[in-house]
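Following are the structures in question.
Each of the next two complexes has chain A plus one more chain, namely chain B in the first and chain C in the second.
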Partner chain A sequence: MKINVKVLVALAVAGSIGLASRVHTQQPQAPAEIHDFHVQGNVWLLVGAGGNIAVQTGDEGVLVVDTGLAQNAANLLVAIKKLSDKPIRWIINTHVHPDHTGGNEALSKAGRKTNGQPAEILSHENVLTRMSAPAAGRPTASWPTDTYFPEEKDIFFNGEAVMLYHEPNAHTDGDSIVFFRRSDVVVAGDTFVTTSYPFIDQTNGGSIQGELNALNRILDLAVPAHEQEGGTYVISGHGRVCDEADVLEYRDMVTIVRDRIQDMVKRGLTLEQVKAAKPTLDYDRQYGSTTGRVTTASFIEAVYKDLKNPQGKPRVR
Partner chain B sequence: MKWTRCVVIALSLAVAAPAAAQMSLVGEWSPRYHEDQPERIPGPELGDYTGLPITDGARLAADSWDASRLTLREHQCKVHNGPYILHGPVQFRLWEEKDPRTQQVTALRMYLNTYEQERTIWMDGRPHPPEWAPHTWQGFSTGKWEGDILTVYTTHIKQEWIRRNGVPNSEKSTMIEHFIRHGQIMTHLQIWDDPVYLTEPLIRSEDFVLSERSGGNWLWPCEYVDEIVNRPHSAVPSYLPGQNPFEGDFAYRYGIPVEAAKGGAETTYPEYQTKLRTLPKPTKPETK
Partner chain C sequence: MRAFLRVLFSACSACYAVIVVCSISVRAQTPRVSAPIDITGYWVAVITEDWRWRMVTPPKGDYASLPLNDEGRRVADSWNLAKDEAAGLACKPYGIGNIMRMPGRMHISWQDDATLKVEFDAGTQTRLLRFGAKPGKSGAPTWQGYSVAEWQLAGQQGTVDRNNTPNGPSPAGAGLGPRDPARVAPSHGGSLFVTTTNFREGYLRKNGVPYSANATITEYFDKVGPEPNGDVILLVRTVVDDPKYLELPFITSTNFKLEKDGSKWNPSPCKIDAPPTK
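For the complex of A and B:
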């Protein structure tokens, strides 16, 4: 039997392309199991749908901060239903990424405003700008329906003020930190995570100084109880529920790494020299990674590039 | 009828027996500082990492640590975490909580007089919280009796430090403890594991004496103040790598080889004494 090598190579290449294409487009995976955790007051954390999700419940209905990945939307609705049988009235997006906005369409359609329309999707206007760009390929029904552009926005729902603070050029250019004032819970989005170094998404307008400004904002909002423990709780974008002391350690870490790389930039080190100097060595076993969305190398590179061409300024208190 | 009653009484005694046999740790306990006194009471010197099986990352973190960080608002009212404080300056009161019906101990409560800390060791078999639950200074502890030894496992511990000179612990720390009572003395043995900052578990012990009188209290009505005028809001005091002005001071003052002063698992074993004799004496550090 004669084997045509050219055909085999062509088949192998075609197969590889097909595989690469499937990986790139991220075929939907099986829906994840979603766990709920009562943070305090009216606010719950839902874990497992993608990015962390906060749910506020009360007599007026349900407010959801972020909506996870699209493939988990059905399970997310079941998890929300366990917390309240009231309709979803509000959806807030902390930023544009699909692991925080993927369920927008399903949740909005499952909910309703008091006038019977699908539940409102509220975000900073830069989220709408990014999501509605043709290249984003996001369905129209998943776009924010209500946006704001000043530094702050607030609504009153379920008996408490819900404050939104825009953090310019932090994780992205559309980050909102959400503060449930009576429940005393801050929802950080991906400006604060406990599972990795911060993701400075420069293609979506992120910057290291904006990231630090966001972390310092969370510290300003949080008031600890006795012994610097508890009090205001902070829901991270990925990872666990924290209080001020935890955010403080993370803020310190990001600042120290920034200061080290800034010193290296001033001394004229190249990116490769900076990486070789291991400016994150003391934190790598906790936050470092060689795979995934945020690697140690990508974090160093983002900080280095940003410091070579700074995007943000420290906020003056 | 008599026979049935005898069986019931025998069964009741059999069920009640384990509770009656249980060791009690109830009381006010005061520490003895004959072990590691310089570290536990006055506090360690900067750059003294001796006896700690730390990672290179922990060493860098400690060399970068500037004590001025404690002047930041959010650092001022922090207290010591569970693994640290029992090796630090502390007296504690321990009492039992019992199920009113079964008289089984459901929890051991501790009041640590340093910074008014309270701790619960759950004895009712409950699971530890999920990984996304908040951490606390004392962590979440569950205990069980192994003979007369109380063994406790703690997770969800906040990040603080292993030694009071900037050697950090991480939030991934866990701790196993053994409380061993012999008369009026109690030995506390702790095995502190930290995949981030320790290459091997850190094992240390302390002795406590049962006190007839209540210990003093170090009350802690802490309120932060701005200690440094005009410091930028976002500043975090730290030393850049290689620029700590105190680096090498400890080794030089005590004539300890620099390598040994920097700690690491190797330096904690008796065999290291042979190597120690071959290492160069420290020289006077350069002024930075």
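For the complex of A and C:
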């Protein structure tokens, strides 16, 4: 894919920082520096606030996909202001995690709908269900204000269709893949990251089969340009901007590892035996880790547990 | 006398049996016999990514997506095709750092029980992957360097697959099933791990993007399939670590498809076409 190498390195570093700060408790930390990168069309990427953030700008206002960690909201608003002086009209959450929804309240209050109310926060209904659970401890003002429950949802904003596709039981049970149809940019949320193995969050309804379904959905949406490069760009949840070939390699990796573990599960191996057999061996250099939120061991364990008691189902086409 | 002959015959039989058992045992331990996957055959590069950097010579200074440092960019910006050709360095893009990315065909065969020979028709290059060898620094560096190989199992090898079919001598790797994610392949993952040293400085791309002779190059070879359409794929993941010219490791994943025979094998000498003029 065509991308300036300095930007690539900066994004990789920023992505790593984002991953390292991928905490699921609201710990106060120093606000992070936020970098912007024009993806294509009306869509920009903001990096450094937590998970990756996509911003669509135009005459009607600003649409923001994900809002980073709460402590970075002030800097995030400054970064958005650099891209557009129009008000934030829409906020879309790709999933429930605080590194993607922490800035909801601040951004919503800073924005406004045409009736003067705070900007709409849109997500799949499972995101609201989990954020509003008493145990989640999330402030009411950060909850989604508008949800959808079918497989798809669409809105038209700034002269282009914005499609939301729900991917059940993927990274979580409330993942939305967001497709800016005219700009030709897909926002994957954490169904696709370039910095680690996938995070299958089983406590929030994630599953390996759903994860593969989500990656296959992205492949269905993405179309490469001339000579198989560029075309549709995919904003990962953490890490760099990619094109279809990058997602394809990642999907293949997840499938191969899933197959290996599935084989061992079928042969009755225990989790410890599966880990000892190193089913991710040849991918560890690229995606493996022994520290952080997603380690090699935690990924293997998540896949193993899911295959022992499958949650996701193959999508019927 | 008859008793002596009987004893002699028995002794000889015992010795013969021991020799046979030993030879079978030794043979069973060779890398060739213990190979978890069979990667021999003719393979053609499947170029579905980086087409404009692999199929043609990109313009000078086109190093997009490569994690070059300042020195790497400086050297890439100073590339001079005529100078390379005059110096007899047309094989620089065909060296170990880029040979797997070249369009063309690859023929893999066993040279002996402990050495895989990998031939390329692009540039007429040959690599030897030596099992049980130690990294070599002796001798003059070559374009393909000195490669040490070992089998590594990614996932535990069983005696039967998940369909209770006994594993054959050449099990395929895990399957992809791109549009059938529920499908699982009938065998296990196995990888060929290769580390290469003692090579000449070369190019990561045909347009003079450098890698140094002190780089470390590691590879994993995995076999995948057969896919629903019958394709058998060889995945080669290459990691180039080169602090002299790179900010980060340069990782590529290259796909090859198995061909039924060598009828399309077409060796050609090292040659760098001039980049297209704008």
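Points worth noting:
FYI, the second predicted complex is superposed on the first by the 291 of 317 C-alpha atoms of A that agree within 3 Å, B and C clash if a C-alpha of one lies under 4 Å from a C-alpha of the other, contacts with A are read in each partner's own complex, and residues count from 1 in each chain.
Rule of thumb we're sticking to: contacts are C-beta pairs under 8 Å (C-beta built on N, C-alpha and C of every residue); 3 or more make two chains touch, one makes a residue touch a chain.
Here the structure is a predicted model, which is why all the values come from computation and not from measurement.
With chain A as the common reference, chain B cannot sit beside chain C without a clash. When the two complexes are overlaid on their common chain A, residue A:Asn104 makes contact with neither chain B nor chain C.
By the touch criterion defined above, A:Phe37 lies against chain B but remains apart from chain C after alignment on the C-alpha atoms of chain A. Once the two complexes are laid over each other on the shared chain, residue contacts for A:Cys242 go to chain B alone; chain C is not touched. Using the contact criterion defined above for the overlaid structures, shared-chain residue A:Asp282 touches chain B and also reaches chain C. By the touch criterion stated above, A:Asn216 is placed in contact with chain B and with chain C alike.
Of the two partner chains, neither chain B nor chain C is touched by A:Thr172. Of the two partner chains placed around the shared chain by superposition, chain B and chain C are both touched by A:Gln228. By the touch criterion stated above, A:Val47 is placed in contact with chain B alone, chain C being left untouched. Looking at the shared chain after the overlay, A:Asn75 reaches neither chain B nor chain C. Touching of chain A by both chain B and chain C, each in its own complex, is seen for residues 212-213, 216, 219, 227-229, 245, 248-249, 251-252, 255-256, 259-260, 263, 277, 279, 281-283, 285-286, 314-315, 317. For chain A in complex with chain C, the touching residues are 1-5, 8-9, 12, 209, 212-213, 216, 219, 227-229, 245, 248-249, 251-252, 255-264, 266-267, 269, 273-274, 276-283, 285-286, 314-315, 317. The part of chain B that touches chain A in the complex is made up of residues 55-58, 60-61, 64, 69, 72, 74-75, 77-79, 115-117, 130-137, 158-159, 168, 170-172, 195-197, 220, 222, 232-236, 238, 240-241.
Every residue of chain A that touches chain B in the complex is listed here, in rising order: 35, 37, 45, 47, 52, 194, 212-213, 216, 219, 224, 226-230, 233, 239-246, 248-249, 251-252, 255-256, 259-260, 263, 277, 279, 281-286, 314-317. Across the interface of their complex, chain A is touched by residues 47-52, 55, 63-68, 152-156, 158, 160-162, 173-182, 184-185, 187-189, 191, 193, 218, 220, 222, 224, 235, 237, 239, 247-249, 251, 253 of chain C.
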